[in-house]
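A, B and C label the chains in the order they appear, each numbered from 1.
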Amino acid sequence: MELHFDQELTQAKDLLLRMSSLAEQAVVTALKGLVQRDDALAQSVLDGDSQLDNLQKEIDERCVELIALRQPKARDLRFLIVIMKIAAELERVGDQAVNIAHRAAALNREPQLKPFVDIPRMSDLSCGMIRTVLDAFVYGKIDIAQQVIRNDDEVDRLETQMHRELTSFMIEDPHTITRALSLIGVAHSLERIGDHAVNIAEEVVYLYEGRDIRHQSPNV
Amino acid sequence: MDNPVIQIADVNFWYGTKQALFDVNVAIAPHQTTAFIGPSGCGKSTLLRCLNRMNDLINGTRVTGRIALNGEDVYAPEVDVIELRKQVGMVFQKSNPFPKSIFDNVAYGLRIQGLTDKTELEGRVVKSLKKAALWDEVQDRLHDSALMLSGGQQQRLCIARAIAVEPEIILMDEPCSALDPTATAKIEELIQDLETDYTIVIVTHNMQQAARCSDYTAFFYLGRLVEFDATNKIFTNPTNKQTEDYVTGRFG
Amino acid sequence: MNLKRRQRDWQSVAFYAVTLAATALIVLTILVILGDIVWHGARQVSWHFITGGTKEGMFDAQTAGVFPMIFGTLALVVLMTLGVVPVGVITAVYLTEYARSLSPITRIIRGAINNLAGVPSIVFGLFGLGFFVQFVGGGLDQMFYGGALHYRKPALIWAAATMAVMTLPVVIVATEEALRAVPSGLREASLALGATKLKTIWKIVLPEALPGVLTGAILAVGRGAGEVAPIMFTGAAYYLAHLPNSWTDQFMHLGYHVFVLSTQSPDIERTKPILYGSVLVLLVMTFLLNLTGVLVRAKIRSRLQHG
C-alpha cells in the first residue's frame, strides 16, 4: 500500500536523479570543451557547479529530516543513507568535471599536443559507468553494478597507458611538459570519476542486498 | 503563523486549587496537524480538552486567558457549548462506540441535529465512512453492532462519527494508545489524509508518532509550554535543551 | 529445589468446608420449605382452583378458588409498577446525572431514600390510609364530586400508590447502580458530538442502563406481589363478590387471602389445604413474574451487546 512516506521517498529519489543527470552532463560538457577546444563549454561547467553543491545540501537536509521524522527501517533506512552517500559521490564527480574544465581552458590557449585518442575512450568508459550505475540504482540491477566494478579496471589501465605515453612525450620534448601534465591531470580526473562510479555501485549493492562489498578483492 | 484557526493566549488552568497549565501560548495552523507531546501529567490532555470545553464536565475547574476559535473566545458567556462541540470534534483514547449499529453510530451526530431525511443521512454516513478509511471493511454490514468491530476499526468508526458532523477541527486524545502497531499505522496514515479537509490537534505520549504524522509540535512540561515549532525542526534541531533531552529519550 | 507440598493447608480446607456447609444449610432450608408447600399445595391446586371464584365456599377445600385473588394481585402489581418505575427512574437520573454529589440537598435526599427503605411495611399501610385514602381521596372527592364518596375509600389505586412509595427506594437504588455502570466514555462521546445532556441521557445512558432498571422493577414486583401489611387498609378486601372493574374498587389479593385464611378460618384443619394451595399459587406467580422480568432483561442485554 502506498504511504505518505513512499511519496516522500520518491521525492528524495527524484532529487538524486536530477543531481545525477547534472553531474553526468557536467563531465560530458567539460570533455567536449576539451576535445572540441570550446571555451564557452568549459566555462558553463564552472558556472554550473554551485547547482550541484546546493543539490547535495538539499538532499542531505531532506534525508536527515526523513530519518528523524519517519524512523525508517530496513530498506527504507538503507535507501536514505545510500542517497546521501551517492549525492556526495556525485558532488565530487562534479568537482572533477570542474577540474577537467579548468585544464581544458588552459590547454585551449595552446596548440593541441596530439590527437585525442585515449581521452575520448576513457571518457566514454567513465561516463558510461556513471550512467550504468545510476540505472542500476533506479532499477535494482545488481549485475550491472558488478559489471561497472570490472570496467574500472579498464579505466585504470587506460590511465596508466596515457601516463606512460605522455611521459615519453615529455622526455622527448620538454616544451610539451605543461600540456602533457595538463592531459595527465585530465586522465587522472577521468580515472577518479571511474572510482566514484565504483563507489556508487557498491552503495547500490548495499541498498538492494544489504551487503557491504567495499574494500574487497575485485571478484565479488 | 498568519491565520491560526485556534489562538491560545495566556491560558492558565486549575483543577480546584491545583494549577495544571501556566501561561500557555500556542497557535494552531489550519489544515495542519499539531501534536502536543510531553511526559505524563504535563498538561497536554488538559489543554486539548479546553479547546472543546470538555473540561466543563469536571467540577471545580477554572480557566483564565483566551482561547479563540476563528477569532471568537470559546469561553465567552454567550457561547453555546453545543455549537462549539459541533465545530470542534473529539476522538478519545479508548474508543467508545455506542452500543448501536455501525450506521446508527455515524448517524448519531446528524440525527441529534434534527436530520431525518433518509437519503441524506445515508449519503453522509457513507461519505464519512469512506473518509475514515472504514467503508471497504463495513459496507456489507452497516447494521451490525459496532461492538463487533476490532479495536482499530472501532477507533476509525469513532473518527467517522466525529467527521460526520463536519467539524472544522478534530481533537484526538491519544487515539492509538489502545491499539496494536498495524491498527496504529492505519490511523496515522488516515490522519495525514484528513488534513486536506480538517485541522487536527493530537495529543500523544508517543513522540515518534508525533514525528511521523504532525506538521507542528508543542512540547509541554509540568504545565508549561517549553517549545513550539515545525515538527521537522523539533526533531532534527530543537532550540531548547529540555526539548532535546526529551526527544532523544534522555529525560528524567 | 523441592516443589512437593510439605503438608496440607488445613486452613484452606477448613474454610472451604465452612462455606460449603453454610451454602448447604441455606439450600436445605429452602428445599424443606418449598418441599413442604409443594407437597401439600399441589393436591389442592387444580384448574378449578385457579380459575374459579370463591363464592361462599372460601373455607371449603372443594369449592375454593383463587382466581379473583390472582387477578387482584396482578392488577395491583401492574398499577404499582406503572407508578414506581417512572418516578424512581427520574429520581435516580436526577441524583446521578444532575445533582452535585456532595451538596447538602443531595445528602438530604439520599438520607430520605435510605430511611424510606427502613420503614416497617405496616407503617406504610397506615400512611397509605391516612394520606392517600383520606387526604388525597378526600380532596379529590371535594374537588370533583362535591363531597360524594368516590375516592375516599380503600381502592386499588391507593393500594398501588402505597406499594409504589414502599418500593421506591429499591427502584431508585437499582437504577442508580445501572446509571453509574454506564461507562463515562459513552456520555463523553455523545457530548463531544454536540448533544445536550438531556439527549445524551435519553438516547445513550438510559437505554444502556435499561437492564439495571428492569432489575429494580423485578425486585419491586417481587415485593408488590407478596407484601400484605401496606394493602390491608388501603385496598385489599377479605371478600368481594365481583372482580374490580375500576381502580376505585377494592380487590382481593393472594397474600392477604393467606392471612385471612390463617386468622379468620373457623376450622383451621379444613382450611389448611387451601392455605397451602394459595401459598403455592402465590409462589408460582411471583416466580413467573420474576422470570418474565429476567427474560426481558436478558433479551435487552443481549441486544445491547450484539446489536
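By our rule, a residue touches a chain if its C-beta (ideal position, glycine included) is under 8 Å from a C-beta of that chain, and two chains touch if they have at least 3 such contacts.
This structure is a prediction, so every number in the text was calculated from the model and none was measured.
Novice: Out of curiosity, which chains are bumping into both chain A and chain B?
Specialist: Neighbours common to chain A and chain B are absent.
Novice: Which chain is the middle one, judged by CA centres?
Specialist: The chain sitting closest to the overall C-alpha centre is B.
Novice: Distance between chain B and chain C based on Cα centroids, please, to the nearest Å.
Specialist: The computed centroid separation for chain B versus chain C comes out at 48 Å.
Novice: Need the CA-centroid distance for the pair chain A / chain C, whole Å please.
Specialist: For chain A versus chain C, the centre distance works out to 94 Å.
Novice: Which residues of chain C are in contact with two or more other chains?
Specialist: Answer for chain C, listing residues that touch two or more other chains: there are none.
Novice: Which residues of chain A touch chain B in their complex?
Specialist: My answer: residues 3-4, 64-65, 68-71.
Novice: Write out the stretch or stretches of chain B touching chain A in their complex.
Specialist: Touching chain A: residues 189, 192, 208, 211-212, 231-232, 235-236 of chain B.
Novice: In their complex, what parts of chain C are in touch with chain B?
Specialist: Going by the criterion above, the answer is residues 100, 183, 185-186, 188-196, 199, 203-204, 207-208, 304-307.
Novice: Across the complex, what residues on chain B touch chain C?
Specialist: 52, 54, 57, 59, 82-83, 85-86, 89-90, 92, 94, 96-101, 108-109, 112-113, 143-148, 158, 161-162, 165
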